[in-house]
Amino acid sequence: MALDELKIGGMGASRRRVEDNRFIRGKGRYVDDVVLPGMLHMEILRSPVAHARIKSIDTTAAWEVPGVRLVLTGETMAARNLAWMPTLSYDTQAVLATDKVRFQGQEVAAVIADDPYIAKDACSRIVVEYESLPAIVNPVQAQDPNAPLIRDDKENQATNKIFDWEIGDKEATDRAFAEADVVSTVDLHYPRSHPSPLEPCGSIADYDRSTGKLTVYMTTQAPHIIRAAVSLVAELPEHMIRIISPDLGGGFGNKVPVYPGYVISILASILTERPVKWIEDKSGNLISTGFGRDVYLQGQLALRNDGKILGMRMHTVSDHGAFYADAQPTKFKIGLMHSTFAAYDVPAAHLTSEGFYTNKAPGGVAYRCSFRVTEAMFFQERMMHAAANDLGMDQAEFRRVNLVKDDMFPYRTAFGFLTDSGQYGKCLDVALEAIGYDTFKEEQEEARKRGKLLGIGISTMTEPLGAGNSREYDILGIKMFDSAELRVHMTGKAILRTGAKTQGQGHETTWAQIVAHELGIPADDIVVEEGDTDTAPFGMGTYASRSTPVAGAAVAMVARKIRAKARKIAAHLLEVSEEDIEWELGRFYVRGNEERGVTIQDCALAAYSNVPDGLEPGLENVAYYDPPNLTWPFAAYVCKVEVDPQTGVWDVLKFVAVDDCGVRINPMIVEGQIMGGLTEAYAMASMQYITFDEEGNCIGSNYMDYLLPTAWETPGFELHEVVTPCPHHPIGAKGIGECATVGGPAAFVNAVMNAIEHTGVRNVDMPLMPNRVYEALQTGQNVSGMPPVKGD
Amino acid sequence: MYPSRFAYDAPTTVAEAVAILDRNGGEAKVLAGGQSLVPMLKLRFASPERLVDINNIKALDYHRLDPDGTLRIGALCRHEDLEFSEIIKDSHPTLAQAAALVADPIVRTRGTFVGSVCHADPQGDWAATMIALDGRIVAQGPNGRREIAMRDFVSGPFTNALAYNELAVEAVIPPAKGKAVGGYLKLERRVGDFATASVAVALDMNGDVVTRAGCALAGVGGKTIDANEAISVLVGKTLTAESIEAAAEAVADAADPRTDHRGSADYKRHIVKTFVTRILSGIARSEQKAA
Amino acid sequence: MTSLYEEVPAEVPANVPTRRVTVTVNGEKRTVDVEPRLLLAHMLRQALQLTGTHTGCDTTNCGACTVLFDGRPIKSCTMLAVQADGHDVETVEGLATASELHPIQEGFKQEHGLQCGYCTPGMMMASKALLERNPNPTEDEIRWALSGNLCRCTGYQNIVKSVMWAAEKMRAEGAE
Amino acid sequence: MKLNQSFEVPQPVDQVWDFLGNLPLVAACIPGADLTNQVGDDEYHGDVIISAGPVKLEFAGQVKIASKDDAKKVLVLDGAGADKKGRGNAETQLTIGLQPIGGNTRVNIGMDLQISGAAAQYGRGLVADVTGVLVDQTAGSMKLRLAAIADGRDPMAIDAPKAASGIAIGITAFFRAAKRVFARFFLPYTPAPSR
């Protein structure tokens, strides 16, 4: 008489979300909703220019505004050694500018006042004299020998280059190209984009001199990392810092880095001894916080006439802005870019990377992906598309030939990753079947006759999710494990805490389902809590789709520890030896006598009331999970579009997504993640980018110019599933939150290109805005969003 | 984003409003729907000393047809009122089509027709339709009313012909000579985007002959482009492939676009030509059906 | 927003005129002294502590601050608090009764129409206005009506389903 | 952002060149420009008000003669300023070249304008649109004023560019600048009737 797992909201149940109960009532609690007694408000004055020396800052008039309590400049910060802070990539970033401003929107001064209106008034009264310097707005300019040195603050920084990095086997790759029948080439730019959660960043710092305790409410996806960073920057002892990350209005990677505003609000609270709230406006968010992408992707495939890939070469040139501030595993300078082509059987590969400083906002964050995997997979699928065309081979067939086969797992990629499992071919077939791939070519021909341009695009992806095993992955030296703490109360109800931090993924719902699956405690009896460093066990936070692969695994492991102890208690209650105890969902019973059993709830009560001798009371535990490997979900996305030849406007006729993310804890939530991800993929392919003019003005500093798709443009998506359980994850799950953002863009782009490549055009850079598509159609020439970049 | 300080009046009559404007010698700005002005206040591009909120002048909340077919749109008529208006649905196709394309649905519940005409945004929709329809703006000043022909009303980017002490109280659209046909097309990258290019066409037809032709463009010049003269090549003609081609060419020449991240000047000019052709061909088709 | 319990700046500038406005919010008369420049969204959030209304952008694009003003949806960050004097405002907090949720709220939960929850109040208020005008909307009509509200998480597909769900339930209730 | 304007005037090159030699007068031709004080030879502090509809930007800065080629008759002015409310910075190089055409003169004005800050970010091309009008008006204003000088009319009678023409300029600012200019510049030609 085991419990029905679906009835108790266990694994596989599309359980409605518990967090919704507050959100739909307008009772969510985001940072800006928090009000503390005596709270002051902070506004930041930002640089209007992209590159300039600061000649003087006059704050006199600002101090005179009634209601102003404090005005801070770089000088004030410098006096306390806070003018600069370390970034998550071993660089430094200005908190408030002292010597120069290095990008438009950089923090120059801050005003703390009774209300934000007054603070804003005072900001506009601060007079800053700038001596303007030439602005560097792309890596080409950055490499110019006569280019001004952006980071003249750093010792041994003679140029604007941040790093040179390479991985792979150059010799083997060169040999492969020597043997190739055909060599295919692409030259792409993945434009600068911004994760742009609707809620901007903000913080409320509350320093209590009497206790020496600093409490900070903060929009952060990684509270514990922030606590460590704050402890380093502010030189406060870690146990005196409490970071609380309440409800987050989306994150998508934007809320991982440490931002100057956080640090300034902390100092402001220390100086005023009052809580200080800083809530960034949308422009501040778009022009100063972590953007994504902005990298040139150049590559070649060595091909045999029969379609077999022999080798792959890739070169990336990335624009990191004025400070190298995007978080990534220490070992890898350009994130996990070398996960490219992990889905295909490629014998030899070589990747070289260059990173540059420019007069743009710092970033290159993992925007809804696992450290640059979006760029890696976009390159992979645009490369595959070009190669198939160069071979004169069918797009699907070319992929089938080269996809890693089911019997090849675990598969070691040319760059050394070990992909764990998958049914790549099956996923592709399901997608092609659903979109009607077989009949498309006739459809396309027939439409051409009527002057209509149809196109179809295929994209497959796999992504190294769940960074990661501590041998390889750390940030600032902190290993990338994660944690869970479970406390089962006397009545069998429980509270679960993890080191992750939900931003809409629904942890409060799904974590409870994992516990229900492991212990048979109904999900509704388990409350989940995250984001408070004083109560949550140490964890690395939520980004790079690591929650389910790492924290989710920790949840399963801690539940198993609890079950192990409960088994001892059960044996005691049933007066048999532990070896004679059997487990079924929610219940222990005596082997051979199913009637004689006790529920997990009985054991919980006994844990506090009737413990066997020698066993410590209570039913609580903590688990730290260090994943043996990354999880490797797979997806096949196929898109069908129609392009209007007169205007270049394109519409999605159908989009099919087949995702294999292993075992699905909550199918409803998994599908929600996929649809959300596909929408961001569509956004990047169609309209969402941030560009700069030659003076370094950010064109895209607000939602009038930085375009996010609405319900009207966004196409519908048809979802299918394939399930290959993850062999090394305790519940067989893989990450899913980002797959669609990672693999989606190439499907849209390949489809549009397929519709217009009869003109001879090979590439149009994203976003595929009507004017670019039209120009390509007219000229048959490639349309690049950015200037050319030097090759290998 | 927080506006800087301003004084605020909410008069209930036009006379009061005009008196306040007059008293403040150009330092007061009129607040109607506020869907352009309030964002500018928040960004602090605009920091007027005083706002004169006309939303309490209930007498201005109307749009109606005179017996002779003249359409009158009061200064408090919201975009949405026109979007769902039974009055203009058939009689004014150009307006009806534009109504649904202004900004986004939530903005349309608040923003006003006359307000956006006065705002004279080079990328604005309504000013273009008004020029194409040869409309007039009724301005009330301290010394009474005057009517300003739309072609003289938009005098530059975000600039109109109103004196500082004048309030635009009504937009007037003259009745069609014969049957009114027309259309409005806008290339926007997503709902709520400002027009990359948009085209307003309004024709009066006598049978299958064009008796009056009006056209104006948004997004393709330093101000709303008056293309009435260009499209007048259609007057006295029927809508044929040839006449449509000629008109589209002429209108495209009237455009004065600038190359920017929305597209090259040539592209925008091409879009204008394409849209004019599409609107006119659409009219031709439906006229044939009708006949 | 002066109150007996709130400190005012030491020197209040003489030129700061505040106005007393009385607004009926979710059926309850609320009176506040505001500066003319105070945005309606800020009055709701700060003075009235109705923090369900969010502000997501500066430029009247995102719609997170959508509330019903005399029954019509408006972006409360693009309206002055003084303009609400004597008018009716309905916010997300007014949707549910003590005993039960509004069908739109149920719909969003049932069809997973939200993730981070930040755009949700605005989405629901815009949906309410739609369903009051059009009790039986098509998918396209819903997408069109919600095109003034941005969502970054859900991809809209489930939001459309949520509104469909609510429409059906409201029609059924109406039929009873 | 580069903007060009060219027009012909019925005056000989030298006379026009003299005109250009006087910065305040040239400035007086720029709508909304007001030279507040002279800080050195050919260097002035001044304001420029650019306003369109509800938008009003007030730039304060310096303008000076960068180069003056009497032989080639090319004058280059450098201006730089910042909006008084921190909404943007502007740098501009104004190149005015003269070529004789018979007894007449062709005046070629080239303006290279660099705007940064919010003004450029949110501008949506507003700045470009407005500046286009501004350059046209400067040219027109210059033309009128040259004509006035030539036939000794009272240039004060010349209207400032009208608000209706795209830019609502600081009329008073204009006249203040003009007065100073005429006091110094016109006396040699013809006694200012007003005095």
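We call the chains A, B, C and D, going by the order they appear; numbering starts again at 1 in every chain.
The rule is short, and it goes like this: a contact is a pair of C-beta atoms (placed from the backbone, for glycine too) under 8 Å apart; a residue touches a chain by one contact, two chains touch by 3 or more.
Values in this document were obtained by computation on a predicted structure and should not be read as measured data.
Among the remaining chains, A is positioned farthest from chain B, on the basis of C-alpha centroids.
Looking at contacts between chains, the pair that accounts for the most C-beta pairs is A-C.
One finds 30 Å separating the Cα centroids of chain A and chain C. Distance from the chain A centre to the chain B centre is 44 Å, each centre being the mean of its Cα atoms.
Note: centroid distance chain C to chain D, computed from Cα atoms, is 50 Å. Spacing of chain B relative to chain D, judged by their CA centroids, is 34 angstrom. For chain B, the set of residues that touch two or more other chains comprises 1-5, 43-44, 104, 191-192, 194. In chain D, the residues that touch at least two other chains are 85, 87, 118, 122, 124. Counting partner chains per residue, chain A shows two or more touched chains at residues 117, 124, 281-283, 699, 702, 704, 708, 710, 712. Every pair of chains that touch is listed here: A-B, A-C, A-D, B-C, B-D. Residues 7, 9-13, 35, 37-38, 45, 49-59, 61-62, 64, 91-93, 95-96, 101, 105, 108-110, 112, 114-121, 124, 142-144, 146-160 of chain C touch chain A in their complex. Across the complex, chain C meets chain B through its residues 15-17, 19, 35-37, 39, 58-61, 63, 66, 69, 72-75, 77-80, 82-83, 126, 129, 144-149. The touching residues of chain A, counted against chain D in their complex, run 45, 48-50, 104, 123-124, 126-128, 130, 132, 283, 287, 693, 695-699, 701-702, 704-705.
Of all residues in chain A, those touching chain C in their complex are 16-17, 19-30, 32-33, 35, 66-67, 114, 117-118, 196-200, 247-252, 281-283, 503-506, 668-669, 671-672, 675-680, 702-704, 708, 710-712, 714, 716-717. Of all the residues in chain D, the ones that touch chain A in their complex are 82, 85-89, 91, 114-118, 120-122, 124.
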